[in-house]
Amino acid sequence: MSQAMADAMSPPFPAERGLDVYNKKLGMWIFLASEVMFFGALIGSYVILRFGAPGEWARPGVVLNIKITAFNTFLLICSSVSMVKAYASIADGDPKKMKFWLLMTILGGACFVGIQVFEYIHLVERGFLPSGVREGSELAELVTAGTLPGATMGLYGSTFFTMTGFHGFHVTCGVLSMLYLYLTKALPGKFTTTDYAGIEVVGLYWHFVDLVWIILFTIVYLV
Amino acid sequence: MRRLGAVAVVGAGLVVLALATVRRPAGAAADGATVTGHVKLTGKAPANPAIDMGEEPKCKAKYTTTPTDPVVVVGKTGGLANVFVYVKTGLPADAKYPTPTTAVEIDQNGCLYHPRVFGVMVGQGLAIKNSDGVLHNIKALGKKNRPFNISQPTNMVTQRAGFTVSEVMLPFECNVHGWMHAFAGVLPDPFFATTGDDGTFTIKGLPAGTYTIEAWHEKYGVQTATVTVKAGETKPADFTFTAK
Amino acid sequence: MNWWLPPQASTFAPSIDLGFLVILIITGITFVLVEVGLIVFVIRYRQRPGQKAHYTHGSTPAEVIWTAIPAVTMVILGIVSNGLWVKIKGRNSVPANAYTIGVHAKQFEWWITYPGPDGKLGRTSTSLIQKTTNPTGLDPDDPASKDDIVVRNQLHVPAGRPVVVYLSSEDVIHSFYVPQFRVRQDVVPGLEIKAWFEATVPGQYELGCSMLCGMGHYKMRAQVFVHTQADFDAWVAQRASQAKGEGTS
Amino acid sequence: MSTVAAAAHTAHAHHDDRSFIRKYIFSTDHKIIGIQFLFLSLFFLLVGGILAMQIRWQLGFPGKPMPGGTLLPETMAPGGVILPEYYIQLVTMHGTFMVFFAIMLLLVGVYANFLIPLKIGAHDMAFPRINMASFWSAVASGIVMLASMYVPDGAARAGWTMYVPLSAREDLSGAALGQQLWSVSIILFGLSSVLGSLNYITTVINNRAPGMTWFRMPLSIWALFITAILGLLAVPVLAGAAIMLLFEQVLGTHFFDPASGGQALLWQHLFWFFGHPEVYILILPAMGMVSDMIANGSRKPIFGYHSMVFAICGIAFLGWIVWGHHMFVSGMNPTLGSSFMVSTLLIAVPSAIKVFNWMGTMWRGNLRFHVPMLNAIGFVAMFTIGGLSGIFMAATPVDMFIHDTYFIVAHIHYVLFGGSLFAIFGAIAYWFPKMFGRMMSERWGKVHFWLTMVFYNCTFFPMHIIGMAGHMRRLYDPTIYDFLKPVQPMNEFISWSAFALFASQAIFFVNFWWSMFKGEKAPLNPWEDNGLEWTLPSPAPHGNWETPPTVYRGPYEFSAPGVSEDYLPQTKKLPTDREPALTPAGGH
């Protein structure tokens, strides 16, 4: 009984007036608040470390491939848009289009993760590690050549891999949960104009992950 | 089945006993060759740094003069002590040597390690002794072996399982008394020795063959010599370090 | 045993102890008020047949009172103690005539460096640290370091003259603590932290590490000797000559 | 009592066809989960206590072989003599278990789960399955933390605050795996706590019964609600920090490594930014439940309900801007110190309001000294001491002297043991009937209370004095210091009291288990309380209510004029009461 109430896309009824938001959506908003604090801790530490660093920071273009990542960012934003489309189409009762757009979103997210993994492999090959620069690697030469500041490469690696890594982890979780929704709810046609909570809630999460990435892209890759 | 096990155990025990009673290093060939030699230091030996033990009365009391850190110990005959001499190459690769059951004892006495330089076989036990009754911590900063860091608040002996892989040299230090250092040569074979105050050493029980012998000193680095021995014979190998 | 704060041996001690006493009085009054009140209520209003509790949801005036009084007291307390705080730890609190001493903390020793005759501490860097011969990493190329005296676990200070200690740590966070001086300052690796005090009473005290720094934390203890200025100079001279004789302390 | 009869009837009609596993092990019922949390956290309370006893042995009798110490491995206590490295593991693990796994789980895990739906008239948590996940991740976290004590080199040994670089570097601490497992466990714990918090918050906001307006909620629910918000926002920061620490230990990153430009103080800022809200997570629910118990025991409405609510919110808000007071002597900018001092001193105000309001509640009451009431009064008395001793630390110059001494140890134990734990003993006795359908023994409850009260004060009050003498924390052997030799007798006395304190807890555990099976059957409303939970049979059925109850008033209407009994249940409709306005269906 309580179950049924929690699942309905309306405030549990009868009940004292709370927020006019159904539980799952409210729950997601609250969860996102905690996520903000989590990424806040990581990003805040990054800012503190970067401004307290001995000597200047590595210039973005040298280690990281901005072009690929820019494309990746574009991809993620698109997937956010397709998520909105999916939501809109189920809201005005078109499950077919919803399925299509949801699939697009899943693909977008999957590609993002794939490209990030590819980027990581490439970076590690060039000698960029969470602990800094590997001895005798391509980047190590750049450090000796003075193109890269040796003093801060350690911090650079630590912060870069931690922040982007955890964002990647969040994207992966998003993709998996969307896939789950697609297989268990979208395909069997369980989403209706009166109950598409799953789409809306995962959508919220997806937009949040997208937003975080835009911040990360700016502070890690651009400045 | 259980019977067999018992027999095996007893047998093993006997073997162990036999090995333990053998005078020369365990596992050496009975008709083995011997390499003996003398390590000299030429030039004026530098003064060893004095140690300020003022804040460690128990240790200070064990010295009549200002204690020094015995980095360079030279005997009357100019022999250099605390040099670790071992067979670097030349031993048959597949040879296996039984591990002594007696643990190597390293004593912390007067806030210094005794011995300061010593050899230990892979898997051979280590008995760490605190004779000072003040807190020592023993940090073994192995690179190949897993480092350990333990403490001894009072007079006590700590038995530790041996090291797992050979490592020359493996430094020991105490963080309560920053000057305390020791060096262990961890080897898979028993063919090593540390020079005494007269600078002499003897490696017994070598099988016939040609060997590269290395002498290591914490301040003057390493020197090597090549020696070829036939079964049963004794060959000299002398080393000379120059004081910088 | 000692039921009060340790004996006072620095210029900070009296004012800090006064602060302690003031807070003790304030809190003491509140403490008695509350605890006695509780006991009285417990006895006076214990359940009795036919007694009915007085039905009330509270009284705004009462609550305003016991909100305002603590608030005002706390703000005043804050302002007053801040004056003292700035005097002790403030950025520019170190007196100009302060005698400089270097304190280098490592697991589990205090290495104290005295500037020697030239009154200047030599440059140090962790890369130069040699466990036995150069525990504090003094830079031999720096002329100021030539006459520096490095002593293990012994802090000697002159009485009646401000002393500023430059705290540096080699490995973990330690904390420089002399109870009789009422001085405490964490020693953080990577930071150069100054702390100053002025000893008043010649005698022997103890310097302890008050931040868990590993298995030998409890053993990280140094003697503190407060000398008269004359004795102190004599000690420095004696150590200096000794140092020349041995090459190192 | 018609409502009660009805509820009881429907409850019996409501048949429960879940398998044993779904019902008691992987249960989604908030009551079962609350009870599971209770067993879990009581277990960790015991573990923490055993560790504390070993600490006290070493401090009271340094270097003497500990009775039963020979059972410990050579690496911890050869011949029963505790080694320094084991001693610092003891202090670390005692702190960790008590703060995270005992007190936090007891207050938030147990009572948020058990009370929120019952007291606001909900059928269950908003997300029962997430609730179950929260419990089982807490179990996983606890197992990892326990396991860390049995790995080579032993458990984490950098103090429960895990200050870097000591915690981050194996060569300095002497422990590798233990330290890493600590980080892993804390990350899992963070997950559990976030899942719990978002459940509590959603439930309180959206699932209140008709008529249960915000200002008709019991203070316990208010406190748990605010606590959940604190936990939701604070714990992720700790999780983030723990992840960085783990990477530091495993991947060799440089966040906290000064040699490579990292900052050692960064950890302290992150940790205490979490840590101070955490302190209020550990006390607010206790305050809330104590308010309920005191109002009930005094048979009087709580004094100044609204200001109590605002005080809770005030503490929660100020809790975010005081973390620096743990770092006055850390080398942080002294100007920051000044501002943190002021905010810290201000936090004394809402605490004072609460204490005085509790006294106001007892004033001219008709006090019933049942076990919950006794413990609640004990809470007020002890929390007062803890709160007042906090002011010494808040004043920066004084803090410079007593920071990291036993004065702090005394302070935190007066707040967390004298405060939280007394409240918990009270709460356990108070809601025991609702959990197990039986009463705990009143007599043994009182014996336990008085013994605990006496030995507790004998144990922790002297710590103020040795703290004033300058006794530093986490010293393996204080007698190394000449100025501490004189206080050694006091240390010995503390140890003996501590052993007695520990022993007296046996009474509680026996009483707890005995009452669970043999205690007298609980009447419907044993404490004659107004709360919704007492309109249900004990133990309450799965799903609590067939139809949600209707609430007509606040929870503290005791001794109201014109009512025959001296209590007035929230669901009892008086002729003057109007039906509450409800949310229209499906509106959003």
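Just so it is clear, A, B, C and D label the chains in written order, and each chain counts residues from 1 on its own.
Throughout what follows, contacts are C-beta pairs under 8 Å (C-beta built on N, C-alpha and C of every residue); 3 or more make two chains touch, one makes a residue touch a chain.
Everything numeric in this text was worked out from a predicted model, so none of it was measured.
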Report which interface contains more C-beta contacts, comparing A-D against C-D.
-> C-D
Roughly how many whole angstrom separate the Cα centroids of chain A and chain D?
-> 34
Give, as an integer number of Å, the spacing between the C-alpha centres of chain C and chain A.
-> 47
Averaging C-alpha coordinates per chain, one finds the centres of chain A and chain B separated by a number of Å equal to 57
At what distance in angstrom does the C-alpha mean of chain D lie from that of chain C?
-> 33
Which parts of chain D, given as residue numbers and ranges, touch two or more other chains?
-> 83-85, 173-174, 262-263, 476-477
Touching two or more other chains, which residues of chain B qualify?
-> 135, 137, 149-151
Specify, in ascending order, the residues of chain A that touch 2 or more different other chains.
-> none
When you draw the chains as points and link the ones that touch, which shape shows up: line, ring, star, complete, or other?
-> other
Throw together a list of every chain pair that touches.
-> A-D, B-C, B-D, C-D
Provide the residue numbers of chain C that touch chain D in the complex, in ascending order.
-> 1-6, 12, 15-16, 19-20, 23-24, 26-27, 30-31, 34-35, 37-38, 41-42, 45-48, 51-59, 62-63, 66-67, 70-71, 74-75, 77-78, 81-82, 84-86, 88-91, 107, 126, 171-173, 175, 177, 179-180, 182-186, 188-191, 193, 205-206, 208-219, 221
Would you pull the chain D residues touching chain C in the complex into a rising list?
-> 83-85, 88, 91, 157-159, 163-166, 169, 172-174, 258-259, 262-265, 298-305, 307, 329-331, 334-335, 337-338, 341-342, 345-346, 348-349, 352-353, 355-357, 359-360, 362-369, 377, 380-381, 384-385, 388-389, 391-392, 395-398, 400-401, 403-405, 465, 468-470, 472-478, 480-483, 486-487, 489-490, 558-561, 566
Listed in rising order, chain B residues that touch chain C in their complex are 47, 49-52, 54-55, 66, 69, 71, 134-135, 137, 149-151, 173, 175-179, 181
Taking the complex as given, what residues does chain C use to touch chain B?
-> 106-109, 111, 131-133, 135, 151-154, 214-216, 218-219, 222-223, 246-249
Given the complex, residues on chain D that touch chain B span 63, 74-75, 78, 81, 83-85, 153, 170-171, 173-174, 476-477
